[in-house]
Amino acid sequence: MEKILRQEKLREWVDTLDDCEVYAPAFADSVWNFARVEAGTDIDLSHTNTIGSVKAFTFPQREVFFRFEKKDGVPVLTPTLPDPKPTVVFGVRPCDGRGMPRNDTVFNKEFEDPYYWARRNKLTLVGLACNQPHSPNCFCQSVGGSPHAEEGLDILMTDLGDRFHVKGVTAKGVEAMERGRDAFDAVSDADQTEVDKVHETSRSYPQRPIGDLDAISEALRESFDSPLWADMAQHCIGCGICTFLCPTCHCFDINDEVISPTTGEGERVRTWDNCQFPDFTMHTSGHNPRGDLGSRLRQRVNHKFLYFVENHKTQQCTGCGRCITECPVGIDIVAVLERVGQS
Amino acid sequence: MVNVEEIRDYAAGLLEKGEVKSVLGFRRGSASAFAEPCTITNVGEAASLVWDPTCLNNLALYLVKDRKQQAVSKTPDTRPVGIVAKGCDSRAIGVLLQENYFKREDVVVIGVSCEGTGVVDPRKLSAKLKGRTASRVTFAVQGSTSVAGGRTPGATDGADGINVSVYGDETETVIPAREVLADRCLECRAAAPALNDVVFGNTVEARDFNEPFHAAKEAERLSEDERWATWERHFDRCLRCFACRAVCPMCYCPECVVDSTTFVVTLGTSAEEKANRIRWCERSANTSESAVYHLTRAIHLAGRCIDCGECERVCPVNIPLRLLNTKLEKEAFEMFEYQAGHDIEQASLLSSFRDEDPNSFIR
Amino acid sequence: MSNPSQTTEVQDFEPRIVAFLCKWCSSAGSDLAGVSRIQYSANATPITIPCSGSVSPMYILSAFNKGADGVLISGCHPGDCHYMEGNYLARRKLYLVKELLQFIGLESDRFRMSWVSAAEGAKFAEVVDEFVEDLRVLGPQNRLKAER
Amino acid sequence: MTDNIYLPKIGRIVGIDEETQGARAIKTFKVEFPNDDGFEHDCGQCAMLSMFGKGESMISIASSPLVKEYKQFSIMKMGRVTSAFHAAKIGDFIGIRGPYGNQFPLDDWQGRDLVFIGGGVGLAPIWPVIQTAVARREEFGKITVFYGARTSSDIMYEADFERLKESVEVQLSVDAPEEGWSGYTGFVPANLMDKAPPPDNAIAITCGPPIMIKFVIQNLQALGFADEQIYTTIENKMKCGVGKCGRCNVGKDYVCVKGPVYSWAELKRLPQEY
Amino acid sequence: MTKRTGVFVCHCGKNIAATVDVKKVAQELAKDDGVVFSEDYVYMCSDPGQTAVIDAIKDNNLNGMVISCCSPTLHEKTFRDASELGDLNAFQCEIANIREQCAWVHKDMEVATEKALKITRASVRRVQHNQALEPIGVPVTRRAMVVGAGIAGIQAALDLTDAGLDVVLVEKQATIGGNMLKLSETFPTLDCSQCILSPKMVSVSKNSKITLMTESEVESISGFVGNFKVKIKKKAEFVDPELCKLCDDCTPVCPVAVPNEYDVGLTNRRAIHIPFAQAIPASFTLDEEACLGLNPVVCGKCEEVCDVGAIDYDKKPTVTEEDIGAIIVSTGFDLYGMEHMGEFGGGRYPDVLDGLQFERLCSASGATEGHIMRPSDHKVPKEIVFIQCSGSRDPENHCAYCSKICCMYTAKHATLYKHHVPDGQAYIFYIDIRSGGKGYEEFVQRSMENDGVIYLRGRVSRVYEKDGKLRVMGVDTLAGRNVEIDADMVVLAQAMEPSKGTAEIAKILKIARDKDGFLAEAHPKLKPVESVTAGIYLAGAAQGPKDIPETVSQAGAAASKVIALLSKDQLAHSPMVAKVRDPYCTGCEMCVDACPYDAITLVDGKASVNEVLCEGCGSCVGVCVRAAIDVKNVTQLQIHEMISAIMA
């Protein structure tokens, strides 16, 4: 389904989703981030990319698996599977959209993650194509995506100035459009031509090149023991920005949070974790298979461009560029790949 | 005015004479318009050094890293390290010396005076550009074009600006400096590095942009409930990526008391010690746990924070972390006449006292 | 998070206070209150520590995190410290802790410090009673309490 | 949707054996499922054990799959969770989920000689294989078990070894000379070289401290064992056990799913990240 | 290790059980992790109670014990000793105070029980992380210091040397002897004060084991029981006592006259002077404040006339450091200032005297050579009024306490007066007569019966000068009438207060004072001569008003405590000391700066604790941002566990 939505009708459409929690980008504290759209507030889709990725909607920073307590000395476990309202997220950039199926893979393969899926099944992603890259660090096209990629999105919107072109990609997306059908207009030939042109133009902007992805995987495989890694990580401070902001980083930790040591009450909680933290892989004995920053940088890059490819036949990275832009010390995954490729 | 060639020559000279094993400085990076840290080890690399209002990092962090590397290395290279240091960076080195983290002879401080200006706050710039990215950031002289490769002489008013080109829109705009300079620079009390082996640039006193502790004082002015509303929101937004801690040269503890991603485990560490590690707060990124983390960090930096503002700069969600630290530095200064990093011989703030310390708050 | 002063009934609310008492003065002072049979609120549970100077800011944050409505730290009067200067160190440190907690908007009445000598049993009782009354007005501490 | 993969089943400790003493003490726990919701497992698989309030730890299942009444775990006191296990007493409840990981391809080894080489607590992961092989004794050729400990009092499953001697060759060793010790004195790899089991038609299965494994494999190769004839298990820090939390990977493999059992031939193809 | 913790909850008869449901506390705790034994008992400190502790430990193989009872100051040692008998390390037994801090201060049973539960539970959590510790053996310096050389200090010093100990005797004044030196006769025997004191003073000067340091003050102290280091500052010794021949050529030439302390201001002395004729050390001394000669341009007369060259104006104060094992503080008393007694004309009329001044008037060595006469006109007073409780027993205006000796010395004064002025009349205003003591009551009776002293029960409201007389306006409550006496002299039995330097020495030595400023004993009944600081003992009137025999016996008692203490080869130092967690320490030295005992130094870049110097105060813990230091058995983990237990 393809429709035209005039700018001023956006709100009308959103209002038809009244049984849903609607999120859209908002500019606050000098950063764009997804925020709850309250009734009667404007939705501003002039955003660059949000600082946090859309992954938090299915993989929140804190997920309680279950509560535990002791009753008559016996542990009683109460699972806390989430039961969220249907959630619609507007303004999802295609790179984030492409992250979603990659995460789906992780949380589905071998063992299905019920917490992830409880949220995922209720989530509708309304994408917004990028008419031009908003950052010099965008490289979606270098990893097989595009500024108007539909993968992972339920709806793709394209900004045509005074109006949006809206395309229902999945059944879920179409259904969301159906609900607001009165807000939409039909797509004229001129509209179609303009959309195609906008898409074409958006693809024409230069992006950070990576080159042949297979060759990169091979180069990574070959350079596992290369001293390059230590060199490239020389200024890495080992923080978690790159992975926490990444739309496809999914590593987590599980901990017991005690509420009362006396009653034995507590919660088993999943939190985001980060391959850049030293204790991430450290054995209790103190032995650490990835004990230095170089090996941890390698893990991050290899995961995106080698291991994920080996396991799932596609790059995990979707080229959003957050890890580059937000790195406090200028570590640049594209430059890293370039150096590895040249070595 | 700082001529970057002088810095390059000096760095090259140190390396050439073998007085240092490396020089920590800034170079242009691939990731953004902002300079990135670099460690140069040979004369030829000196040419890549830059100096401009995008040299944000406090490189003293890498002195700490060097120290940690030496500690685990079987063949540590103990030669001194050269470091390009702004006023705040040199204070950081001062605190590290005060705390015996290394010795004065381990470091050659290539001081660079900010000449009464400062560095650009990327987040302020981003706010100006509503999230768009700057592709080029330089100092402008009275609205004219920038001086390539260097900074303008210290101006005496706030009229000078920052030239900014926005990515995707290559026209240059000039933004008044005071609107995009980092808060710490606006409030800076000592823009020239007092601790140094050489200083480039004029020792211009800190320019009167904002009074010291201006931002903290502003924050204090809010009502209690407003203050909590503000900080609750911030603590709630925290991702617990620990970038603030990772970037702080004073957060050099082998293991963080509050939320450790760096367990100190040796062969001699008993199971009991590991089992009994205190969890003052949980890893969950929620308000209460993040509050414990940030408050602990603030109190542990009391009298140690030298206001380089790195914690605030790196925060991906832009929590004004610097406020917590400057609040305490303000108290230290006003109530205890203590300034972090000013005297490497003094006993630190919390391990000293005066009879006339405030007492009236105690029942 | 709701505004506690609106949602609680002051009458039913029993504040929970963790009271860190130095062994030599304040704990002895509270002993004296006991010996003198001075009645005071039972809301403060004492933890005896060697000296107010041994208080780590972590204790305070931890107590609030675990749900304390108030934290009291009590030591010897200036000049009377059994360990000579521990209370001076405590005073400086806890001044900063107090300032910080106020800065982020924790209700200022929730953190309290007092000097109570071994001879001041009555003062100890007063300090506790006053604290309890002030906390009753504030209601439960939700700002730093762990959300578990 | 099927099971909640993160929700443990409740287990009850029904037996505790103190295997070794000291700072790194080892205790063996027998755990049964009071709610009759137990699971089957294969040799080499692991389970995620919980002490509620302390956390989880991945522990290899040390009992034979043929034993259905309980599962056995030998746990070295190392950190928070394992210390909690060491403080536990019979009747205490734990959490248990699994089984996780792959298994030793015992069926593929029919008719072959089996050489087990274990050291320290590393006996636990291969113990179920030994037990199963003994139970199916006629399916295999010669079975030899090498096992070494620091001292004779550090030998695990001491009583079981006595029984084992009836059907297989047992070669025990202690690291340092000891009065009254009749077995071999010296490290396990040296004992292996000393006894020099023939490689023909044999499979070697080894587990123990990393340094021991390294020399055992060197020595096995010197004895003529091919990489495909050598099996070992590896361990990494694990949290989820189900290939999602991202930390136990060795190259592309999450050890919790693809491991812990590897032939040396397979392991050589993976990077050294364990 | 499996935790096997035992809990006893004491009823303390009804003391605890009346407000705390002790059964419930014990039952609830029995459910806690690691608690394998939990019972209540009526009197834990009784013999069967202690036996129960021992049995519980043995029967249950306990590795931790909590006794929930009274304050640890009372029975911690009792139960730790019992634990040792049960083969449980003493330091693995902890006390939960549910009496003073709970049962006695609350009424509501439910509330008090809940709080008792929390207190006990916190102790359980703490003890579960206690380490077994052994006291640290510390070598002992067999040398004592006595501060203040009045009769208490002199007696203590001599007793100590009798036991073979070396003694440093520190006295602020130029001579030893203190207030007793100023007395004429002593009650109730009326023997001459100087006659009984002087021989002791001479013994001090001749005793080679005593290092006498007059005109000296304790400046600072460090260390701990058995091993104090004391810095003593001695004023500049302008007159060399070795050279001084006591020729008294110097005083006549001295142009400066100042009030004579020895005569309580009734006479003057020169800047260069000998405190009194039999001063010990026997030497002239130069009053630094009064002397003009310290600026030789102005004066230098005494140096000129001193043939032996004993005078040297260039002498500087000296500070010596002494190693001391134990200390006796006997800094004595001062009389409550006359200036406070405005209503009695104190400090205003020359013929209104305090007790010590009257002693000087009576004394043969005094200004009047033992003749009682009015300072104003040197006439013999024919009517004299003594006012007792002057400044004592008056909590509203003056001192709340009874100064204890005034009744006796006033009776003595009246008697002495009658002996000197047989035709005079002595009146004594009193509130009560307190004459407990051997021969005391008889002495008072004698003064009334034999010497005709008129005792008037009642207070004096005012004393004022009228026609050269002192009109005393009083009341005789027994007769129920007002009394007016025109007296020639009024003697106020001023209250005793701790001597001026007592507050300072208490601060320097870190020993407590009571609400009245007297040095505080560790326990009013059971430890009357011990201060709260180990190794520091108290003697004489600095601890509370007392007479000479009492002072001498307390001095002996303090000395015997010191002798007992220093008779050991080693002292046991508390093992609850700081311990550095090496891997976490970065050597920032914050703890070094914070430690009040200089117990921490940097060794190989890491903090290192001298366990003997460490007192376990935890100042280091409070400042270490890395949590790299802990006090054993009060670790941060334990505090954390206690907080959790309380908040759970």
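Residue numbering begins at 1 within each chain, and the chains themselves are lettered A, B, C, D and E in the order written.
Quick note on the criterion: a residue touches a chain if its C-beta (ideal position, glycine included) is under 8 Å from a C-beta of that chain, and two chains touch if they have at least 3 such contacts.
Note that the structure is predicted; figures quoted are calculated from it, not measured.
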| item | value |
| --- | --- |
| Chains touching both subunit A and subunit D | B, E |
| Per-chain Cα centre nearest the global Cα centre, belonging to chain | C |
| Pair with more cross-chain C-beta pairs in contact, given B-C and B-E | B-C |
| Reference subunit E; chain at largest CA-centroid distance | A |
| Interchain centroid distance [CA atoms averaged], subunit D/subunit E, Å | 70 |
| CA centroid of subunit C to CA centroid of subunit E, Å | 32 |
| Between subunit C and subunit D, centroid-to-centroid distance (C-alpha), Å | 53 |
| Residues within subunit D bordering two or more other chains | 54, 78-79, 82, 86 |
| In subunit B, residues with contacts to at least two other chains | 257, 266, 269, 274, 278, 280, 282, 286, 300, 350-352 |
| Contacts with two or more other chains, residues of subunit A listed in rising order | 253, 255, 257-258, 261, 266, 280, 282, 284-285 |
| Pairwise chain contacts under the document criterion | A-B, A-C, A-D, A-E, B-C, B-D, B-E, C-E, D-E |
| List of subunit A residues in touch with subunit B within their complex | 27, 29-33, 46-48, 51-52, 61-62, 132-137, 205, 234-235, 237-241, 244-245, 253, 255, 257, 269, 271-272, 274, 277-280, 282, 284-286, 324-332, 334-335 |
| Subunit D to subunit E touching residues, read off their complex | 86-89 |
| Subunit E-touching residues of subunit B, taken from the complex the two chains share | 99-101, 252-255, 257, 264, 266, 269, 276, 278, 280, 300, 304, 347-348, 350-352 |
| List of subunit B residues in touch with subunit A within their complex | 29-32, 34-39, 57, 61-62, 123-124, 126-127, 130-133, 135, 167-168, 237, 239-243, 245-247, 260-263, 265-267, 269, 274, 282-286, 310, 313-314, 316-319 |
| Residues of subunit E that touch subunit A when the two form their complex | 32-33, 121, 125, 641, 644-645, 648 |
